[in-house]
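Please go over the structures that come below.
You will see two complexes here that share chain A, one where it goes with chain B and one where it goes with chain C.
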Partner chain A sequence: METKDRAEYIVQLVRNNLLYYQLWTNVCVNAEQLNWRGQIFQVITGRPSHKLSNDAAAEGDTKLECVLPVEMCDYKNSDLTLECLDQVFTKLCNKDCKRLTLAIVNNDGTVMFYFVYKGIHKPKRN
Partner chain B sequence: MAKLRPAGERYKYPLPIHPIENLPQLIPHNPISWVHWLYCYYKSFNGLPKRISIKILARKYCHIIVDDPDEMLFLWENGFFGTGQLSRSEPTWKARTIARMGDLCDEVDRGKSNLALEDITDRRRLQRIDFKKKRQQFEDQLLELRRRGGTIEDESKLVAKERESLRSLKDQQLLSFKKQNDTQLRSEDSELIDEKGELVNLESLELTFVEALFLSFAIPVLDVSPYVLIERFLGPIATLEYRNVYPSIKQYVAYHHYRSHGWCVRSGIKFGCDYLLYKRGPPFQHAQFCVKVLDVDETHDYTWYSSLARVAGGAKKTLVLCYVKNTTTEEEILRLLSKKNLTKALSSYEVSELIYRRWVPGKNRD
Partner chain C sequence: MSDIIVNVTLSNLDGNWCVSDGYIFSLEDIKRLRQLGICGVLTGTLGTLAQQNVFLSVPLRLLGEEVLWIITNGHGRLNVTQSSTVPLSLRSTSVREQVRDDNATLIQRSFALQRDTKLKEHLSKTQKYGQTGAVPGDPALFQETPNDSLVLKHTRRDPAAAAALLLASSLLRDQYCHQLDLFSYLKRQNFVVSPGARFGGKYIIYPGDPLRYHSHLIVADTQDYHRDPLDFSAISAGARLATAVKKTWVLNAQIPETREITCFSVEWAGFG
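Here is the complex of A and B:
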């Protein structure tokens, strides 16, 4: 029960953040869940309000992004391992999804976003 | 919500507890004025009329939430405590949304809001994207020219043209940097308006553990006892183990140390350190220092310090290594905690600092 409450709390927080702070559209919490060592992971998809990176240049306009909310508490170890990310890619995302956006919910009220690529990726230009 | 008030006046107080003001004038040679002054001094009270209520959500990692709009504003304006969950730091989400949705929430106090910091950053980013697009166009042209085997003169002509045009674009952008009236509405936004036609407040203020402990232990602001906070975060006081308590105590000791020296201390999570130190607060200037809290015996390999210092240096901040030392024994700390003597337990710690800064012989000659 505890785990479930917690998962729902951060998923809702990230959803609101994407919808009403970052102003994304078509934001949708996917129903599929992944239980990884007692933690529930859920993916949110949505369309950003503007181009997120130059990766998209080849793919045309903004496309649906996959966002994975995870919780972090200061500098405590997290449970996010390579194996876990691999499961997220295979079980929660589309087959052609090459990039996942981690939404890290911290306990100071901020949500930070980081890209995770499947494999090696050319660095972006500043 | 941003109000049209100068920052110096809006953020007059560094902490939520204010000094006693409006005392009568004291005339040293007039004993009656002394009596009157003392009377007024004893009669006045500078505590809060009502302590601020918090909610503690979730159980493994706790989130401390303040959701009353006035209390959120109060904690922000008096010492910059907490972070708005849908804002960069100050809880400005409601004001920003009202400005964005324009006419739809006319009845809500529109017009009071001026440009929030987030809007300014957004506008800068858009301009930067424009700039990059233009630069990319020129670079594509240059590539094309080279492919066709253009002469060096052609090339330098094009480069000169690029420089000229990019410069004028920058100047134009600087000039046009003023408020535009851009209302954007999306179908998703209908969720934000309740039956009464008012904007729903989605945003709460979140406090970190150290902030909440400071606001309950050091100054009486929150309506929660510090021991309740410790129990919720670390477990029942009677069965605490030192290795579980120490990381949080270490963080708190450092936080309290800088707060009591008058710094505005905020989370340094975005810079990979524990705290950022502001001279007055985020609206006034950038944070000058990044603080990493360490145990007095803690050592790491060189790359660990180096990566911290390079991130801090890249953001034009100075890295401070803050060492916390326990001057008594671990058992004594646990004994004091179980006897609910937090003051004595915390004053058993000493703090000392080091500044760790990259030095480049060719550049830093002073």
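Here is the complex of A and C:
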């Protein structure tokens, strides 16, 4: 598959996972793209079906989350450096976006979700 | 207030000079370091019971970057010993005899003190029970181990010592300079930094004294801002473990152009 098709496939896979498996609503693939050393990154926004951490309780309702789909590379290195992550935060996310959700797609189709905060962030309360 | 003295050893292995980690022997200095948020690791055990490693005592062992932080911020100074200093000093007959005599006096004094204390203890006990029992023999009990080296105090300050100090500082700088920026960045935020191997990271970060707070962060190894790609399986392992022990996994790099430290905190989202 070509890079562009591959990127499209990964984004669609994560979108479907959020929509039909995690039961998120308002799931929307943002049109903006970041071309980084031949790789294309795109952000998905959506509203979780339940609150994701107790820290959010103080803020009230569930917020729109920014999701960055990436592929777990077993045999070749990924090109996502910390510099690239900085670019994603500045170019693809809203200014008031306080965290990015990294969606790591494995080659068997499973998706793992990790919160990435810019700077040093205390662990969430459980 | 006097400087905190950080002891390092300089040794020559196959023509290459190397410097040891820093050790603190003075209890007073250890207290002052703790107030500065440098806790180190106690490593001292008993010569005769080397396998006992639960209740460790002085010396306090410091990380290389901690030593560098202490001396570059003017909190203390290095005291450099060369690994050959002790055998060289002991070549002199007068030093050897002096050390032997000092040692013998110390031991005798310690024994006398112990006999005295034991006798008093025994007498007070027998008095308490209204008996006047026999005086016990002298049990060989505790022997006090001095904190200072009996040999090193006989070494004279010589020009070679100044050269050794320079060499040790420059070796420390070469070895730990690239870690000092991250370390200083964390210290500026009033974090207490301790070694992180227990959690698979480089450092573990406490928001205050480790006796009062649980740690919040595990700092991963520094990576190259422009070149090193993220290793997703390492991030997955680190962040899962960190979240399971109520911490976050901190990725970090130094931006070469500005020398600024940039960090990203990662934790498991709780689903998927």
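Going forward, the second predicted complex is superposed on the first by the 118 of 126 C-alpha atoms of A that agree within 3 Å, B and C clash if a C-alpha of one lies under 4 Å from a C-alpha of the other, contacts with A are read in each partner's own complex, and residues count from 1 in each chain.
Here is the rule we use: contacts are C-beta pairs under 8 Å (C-beta built on N, C-alpha and C of every residue); 3 or more make two chains touch, one makes a residue touch a chain.
These figures come from a predicted structure and were not determined experimentally.
Asks: Following superposition onto chain A, is the placement of chain B relative to chain C best described as a clash or a fit?
Replies: Verdict on chain A: chain B and chain C fit.
Asks: Which holds for A:L23: it touches chain B only (first), chain C only (second), both, or neither?
Replies: Once the two structures are laid over each other on A, A:L23 reaches chain B alone.
Asks: Thinking of the overlay built on chain A, is A:V70 touched by chain B (first), by chain C (second), by both, or by neither?
Replies: second
Asks: Contact-wise, after the overlay, does A:L52 reach chain B, chain C, both or neither (first, second, both, neither)?
Replies: Touch status of A:L52: second partner only.
Asks: With the two complexes overlaid on chain A, check the angle at chain A between chain B and chain C, Cα centres, nearest 10°.
Replies: For this superposition the angle at chain A equals 80 degrees.
Asks: Counting touched residues of chain A, say whether chain B or chain C comes out ahead.
Replies: Comparing touch counts on chain A for chain B and chain C gives C.
Asks: Pick one for A:L82: touches chain B only (first), chain C only (second), both, or neither.
Replies: Touch status of A:L82: second partner only.
Asks: First (chain B), second (chain C), both or neither: which does A:D108 touch?
Replies: Only chain B is touched by A:D108; chain C is not.
Asks: Could you tell me if A:K118 is touching chain B, chain C, both of them or neither one (first, second, both, neither)?
Replies: A:K118 sits against chain C, while chain B stays out of touch.
Asks: In whole Å, how close do chain B and chain C get at the C-alpha level once superposed?
Replies: 5
Asks: What residues on chain A does chain C touch that chain B touches too?
Replies: Looking at chain A, the two contact sets intersect at 17, 72-73, 110-112.
Asks: Which bits of chain A are touching chain C when the two form their complex?
Replies: Interface residues on the chain A side: 17, 22, 52-53, 70, 72-73, 77-83, 85-86, 101-104, 110-124, 126.
Asks: Under the stated contact criterion, what part of chain A meets chain B in this complex?
Replies: Result: residues 2, 5-6, 9, 13, 16-17, 19-21, 23, 25, 27, 50-51, 71-76, 106-112 of chain A touch chain B.
Asks: Under the definition above, what is the set of chain B residues touching chain A in their complex?
Replies: Counting only chain B, the residues touching chain A are 57-63, 82-87, 93, 97, 100, 126, 129, 184, 186, 188, 192, 202, 205-209, 251, 267, 269-270, 274.
Asks: Mind pulling up the chain C residues that touch chain A in the complex?
Replies: Chain C residues touching chain A: 189, 216-217, 223-230, 232-233, 235-236, 239, 242-243, 246-248, 250-253, 262-272.
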